[in-house]
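Okay, so subunit A shows up in both of these, paired with subunit B first and subunit C after.
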Partner chain A sequence: MQLVINALIAGSLAALIAGGLSLVYGTLGVFNLALGQMVLIGGYVTWWLHQVVNLPLVVSIAGGLGVGAMISWATFELFVEPFWKRHRFLPLVTTIALSMMLDGMILLLFEERPRAILPGLKGSFPFFGARVNDTQITLIVVTLLLLSGFAFILHSTPFGRKLRAVVQHPHAAESLGINAPKINRLIFILSGMLAACGGIYQGIDQNLTPTLAFPITIKAYAAIIAGGKGHFWGAILCAYLIALLEQLAIGVPWFGGTYIGAGYQQTVALAVIIVFLLLKPNGLFGSSIRSA
Partner chain B sequence: MLKRLLPILSFALLTLSACQSGSNSPVKIGFLGPLTGDAAPYGVDMLNGVKMAVEELNAAGGINGRMIELVAEDGRCTGADSASAAQKLVNVDRVIAIIGGGCSGETLAAAPVAEAAGVVMISPLSSSPDVTMAGDFIFRNYPSDALKTKAMSALLREEGFTKLAMISENTDFAQAFRESLKQDFGAEMIVFDEVVDPGTKDFRTLITRLKDVEFDIFFPNGQSDAAISAMMQQLREQELTQQAISHDVADSLTLGQMSPEAVEGMYIVNVPTAGQGGEFESMFNQKFGGAQATIAFAAHAYDATRVLAQAIGTAGTDGTAIRDYLYSMPAFDGIVGSFTFDRSGDVVGVPYGLKTFKAGAIEKVRDLPVIPM
Partner chain C sequence: MNFFVHIIIMASLTLIPALGYNMVFGKGKILHFGQEGIALIASYSLWALMIMKGFSYPAAIFASMAATVLIALLFAWLSLRLEPDGFGVLSIAVHLMTLAIVLNWQELTRGALGIPKIPRDPWPMDLMSFAAIVLMITLLWSMSIWFLDRSRFGRALAALSEHPWHAQALGIERSTIHIIAFFVAGMGSLIANILFPPYIFLLSPTDYMFPAMIFLVMIVVAGKPGSVVGTSIATFLLIALKEALRFVPLAPSILGPVRLILFGLILFGVVWWRRDVLFPQRRSI
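After this line comes the complex of A and B, so read on.
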């Protein structure tokens, strides 16, 4: 049980980030490699507002999300929009450059020492044979709510229909009067906000350090690739799945009672994903047509 | 065009470099340490200690009238970055000597570069036992973990602990400490021994497994205070209340601020908080607004810089002469104590202390005896 909880905690973080990323990949077909930095900025801004300016937590989180949205909007206008239509790999280069700039900026603004949004120990309580604390429960529930809210918008509102239309065939959608560029921009900003959520989550549950960005980006990409390119639910499920695999890899005894060394935690999870992909190259949930 | 310019250019460069080696040109000293990344709190303390020494020395007239010029490079606590940083310091900046690295992995990776060029390197912070054999030109004024794990093992035995659980980060420093402790405390005393990737923050599943292990003391063997903070928080969240013990890295004020309850009462075995409460600390705080990890790291860097300046002042700027001076110098009275270097370049004369966290602050408990090899 504790293992499942552990996986939920780690998976929620990955799912938030991977979900937004897969939307962007599904609609624009571009890779945003500055995603990890956006995660950190969301977290750091929240830390700053809460710990330095002493604003209440809710206001700080709103601030972190706001800045996250603004940064991703600026990123879209300056680093993605001018390039992606010429070649969809161009933003790969521009966002790598951006990620380096943001890395430097994070170091200058927030220094190199680790930061925790809520320092100190959170009291934990027993929960079906596992121990959790209320922040963790809140984080898991909020993530699930956010993601299901997203699902509702995506599948049951006119806006969601437009969005899916753009994903499936941008030109056809545009010819039907859907403002595809506007939708693209919105999706990019949304993914940035989900990323900022991830950073806030990380800053509350553990702590933030400037070197965290790259591993976060890698994990999110592993999830969207495993889930099937541009498949929103696939990416989210895979984020949870990778987290669960990571916990299972080291949490239970394998092959006659020996444990796998913790250093192999990520290796094992990613190796399993590779095997899956060998059997099903379109991703676990991918089909031959693009879907969202 | 380029062909015609080339001789002129090279002549200009030659005259420039000739100017540089004049008697009043600055003495270039390199710095190598983790200035970004998880290990940066102690890298920044180190650099500030060096800066302070350089400013003081320059204000007092430099080394025999020559100003000291500091060239700082970021080793990022990784071998690859440090090796290229050392290459730059030695081959591009042509420094006379290097203060650094901070992380043991940095020093070990930079050592072959410095050794090949005959450039003296004094590490103010690297404690891995491997640094002892890193080379003839490699010194350190920070004691080896080979001694520290001996002191730690003696403490553990004295306090009656027999079942140690440890989680180590996979870095040169943490791994060397782990091996060395295993040898001194006895592998059979270590009931839980896991190694994680550097930078890991999620230890929950390992902690879950720890619940089924009978242990009486926990050792978060991390390379950074961020990792130790996460380990201790997640341990205490699971209501595991065993005593904890750690090393230099835990000697960090940042750790006390981030997880005050989780680290309460944790033992820290480290060099004494050299420089604390003295004139050195008040001047340091005035200049840099306080230490990020601990003032002791700044003090070691400060002393390393001063001892190097003394060596250059006496023996000149030749690498071999500086090296020979350091091996044979009389005891140097620094902030961290009165010390010399032994024949492998390790410091002699720096003791250990036992400290603990109390309400987020670090308090000294008592001195620990240094048990010679």
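After this line comes the complex of A and C, so read on.
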């Protein structure tokens, strides 16, 4: 049961990040390899506002989300859109360059030390045979509420219908009068805000270190590859599934009672990427597009 | 003088795999980010077997060659099966998975500590003699790549990168060309990793992390993708810059991040400069 709870906590973080990213990948077909750094920036800004400037937590979180949105917008305007128009693989390389720059800036501004938005020991209590603390319960509930709210917007509002239309077929959406370039920009900013949410989550639940960026990026991409291109709910479900697999991989004795070392936890997401790309490249919920 | 020789050696040892990578990524326009994964397998299959398991030098070289060929063939097969961006992500995943195994399989690889006391035998201990040998091997390799680039294979690879269907309609076998390209890239990594760990007497996994892969991408893009001469010049310039940054009077906690930002800016700049050449737009009527 502890493993399931741990998976729920870790999966909520990955779901926040993967959800927004799946929309970006669905519309633009762009791999944003600076995603992990964007996650960390949201968390670090919130930490700085709350722990250094001593602003209330809610205001700090709003600040972190705001900065996440601005960084995301700047990334789209400078590193994605000018290159995506020429060839859709170019942003893969430019976002790698961006990730190096953001890594350097994070190290310069916030140093290598772990930073926690809410430092100190958090008391835990038993919960159906597992141990959790109230911060973790709050984070899981807030994540589910956030995703539910996003689901309502996506499926029950005119904006959500336009968004889904652009994800499914940008050219057809444009021919129906939907401003697809503007929606693409909004989707990218939204994915940045969801990524910042993930960073804030990580900073509140555990702590932030610059080395977290790349593993976060890999886990998010594993979820969207497994879920299927542009499939929002597929990415979220697979984020939770991958988190569960990671917990089971190192928490359960295998092959006669031996435990797999914790250092191999990251390989689960990598194995998911490899297996799905080899066996089911369209993911669990994606459909292959027939080409003439 | 010794530092200048060191730059020559480092540039030469970087140029060997860079030229192989240029064949795949630069000329073939195959979105391949697993070159350092191949290097990891080549180096650890040689030095871990020799130092940790007591294999003889010829046996370890043979095992390393076999492992390198296998991984190169695997990448070639995968590049034929997958969409380009899917292959790019998969190659990153294979590299990182190999790195995770190396870091965690402590009994064979000593994990993050690396394998020390790598012998320089049979290469000369003297720096100048070692540099001469490395330079000679680099020149031979560069000339081979140059001739290969201008051969029928080079033209076929360029044709496939421009329009795979048209190239195949003209009788160019995509699978054969991909296999040869990845084989060349693999051999470049193998040769470099026969020479590099003995140069520094250490095999460390930190030399094979993702930033090392990005450095190769930077070299190929800066030197003009597909150009042997361009890649060679870019290698020497970027290695000289990287080594010269050691003398900048900044604290290590600041120099490291500054170097990351600088190289990120350089990569962005060269991609902007080469944006029409890196992945050219297909001409449409």
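Rule of thumb we're sticking to: the second predicted complex is superposed on the first by the 274 of 292 C-alpha atoms of A that agree within 3 Å, B and C clash if a C-alpha of one lies under 4 Å from a C-alpha of the other, contacts with A are read in each partner's own complex, and residues count from 1 in each chain.
Just so we're on the same page, a contact is a pair of C-beta atoms (placed from the backbone, for glycine too) under 8 Å apart; a residue touches a chain by one contact, two chains touch by 3 or more.
Keep in mind that this is a model prediction, so the values were computed, not measured.
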Problem - subunit B versus subunit C as contact partner of A:94, first or second or both or neither - result: second
Exercise for the section: Name the contact category of A:59: first (subunit B only), second (subunit C only), both, or neither. Expected result: neither
Practice task
For A:107, select first, second, both or neither according to whether it touches subunit B, subunit C, the two together, or no partner.
Solution key: both
Handout entry: Touching partner for A:86 - first (subunit B), second (subunit C), both, neither
Key = second
Exercise for the section: Please indicate which partner A:277 is in contact with in the superposed arrangement: first for subunit B, second for subunit C, both, or neither. Expected result: second
Exercise for the section: Examine A:131 and indicate which partner it touches, taking first as subunit B and second as subunit C; both and neither are also allowed. Expected result: first
Exercise for the section: Please work out whether A:74 is in contact with subunit B alone, subunit C alone, both, or neither, and reply first, second, both or neither. Expected result: neither
Exercise for the section: Answer with first, second, both or neither: which of subunit B and subunit C does A:261 touch in the superposed model? Expected result: both
Practice task
Check whether A:145 is in contact with subunit B, with subunit C, with both or with neither, and answer first, second, both or neither.
Solution key: neither
Exercise for the section: Could you list which residues of subunit A make contact with subunit B in one structure and with subunit C in the other? Expected result: 107, 111-112, 261, 263, 266
Completion exercise
Seen from subunit B, its contact residues with subunit A in the complex are 35-38, 40-41, 43-44, 167, 170, 194-197, 199-202, 204-206, 208-209, 211, 224-226, 229-230, 233, 236-239, 254, 257-262, 292
Problem - Complex contacts: residues of subunit A adjacent to subunit B - result: 2-3, 6, 9-10, 107, 111-116, 119-122, 124, 131, 133, 202, 206-207, 209-212, 215, 246-247, 250-251, 259, 261-263, 265-266
Handout entry: Touching residues (chain side subunit A, partner subunit C) in the complex
Key = 29, 31, 79, 83, 86-90, 92-94, 96-101, 103-105, 107-108, 111-112, 214, 218, 221, 225, 261, 263-264, 266-267, 270-271, 273-274, 277-278, 281
Practice task
Enumerate the contact residues on subunit C facing subunit A in the complex.
Solution key: 31, 78, 81-90, 92-94, 96-97, 100-101, 103-104, 210-211, 214, 217, 221, 253-254, 256-261, 263-265, 267-268, 271, 275-276, 278-281
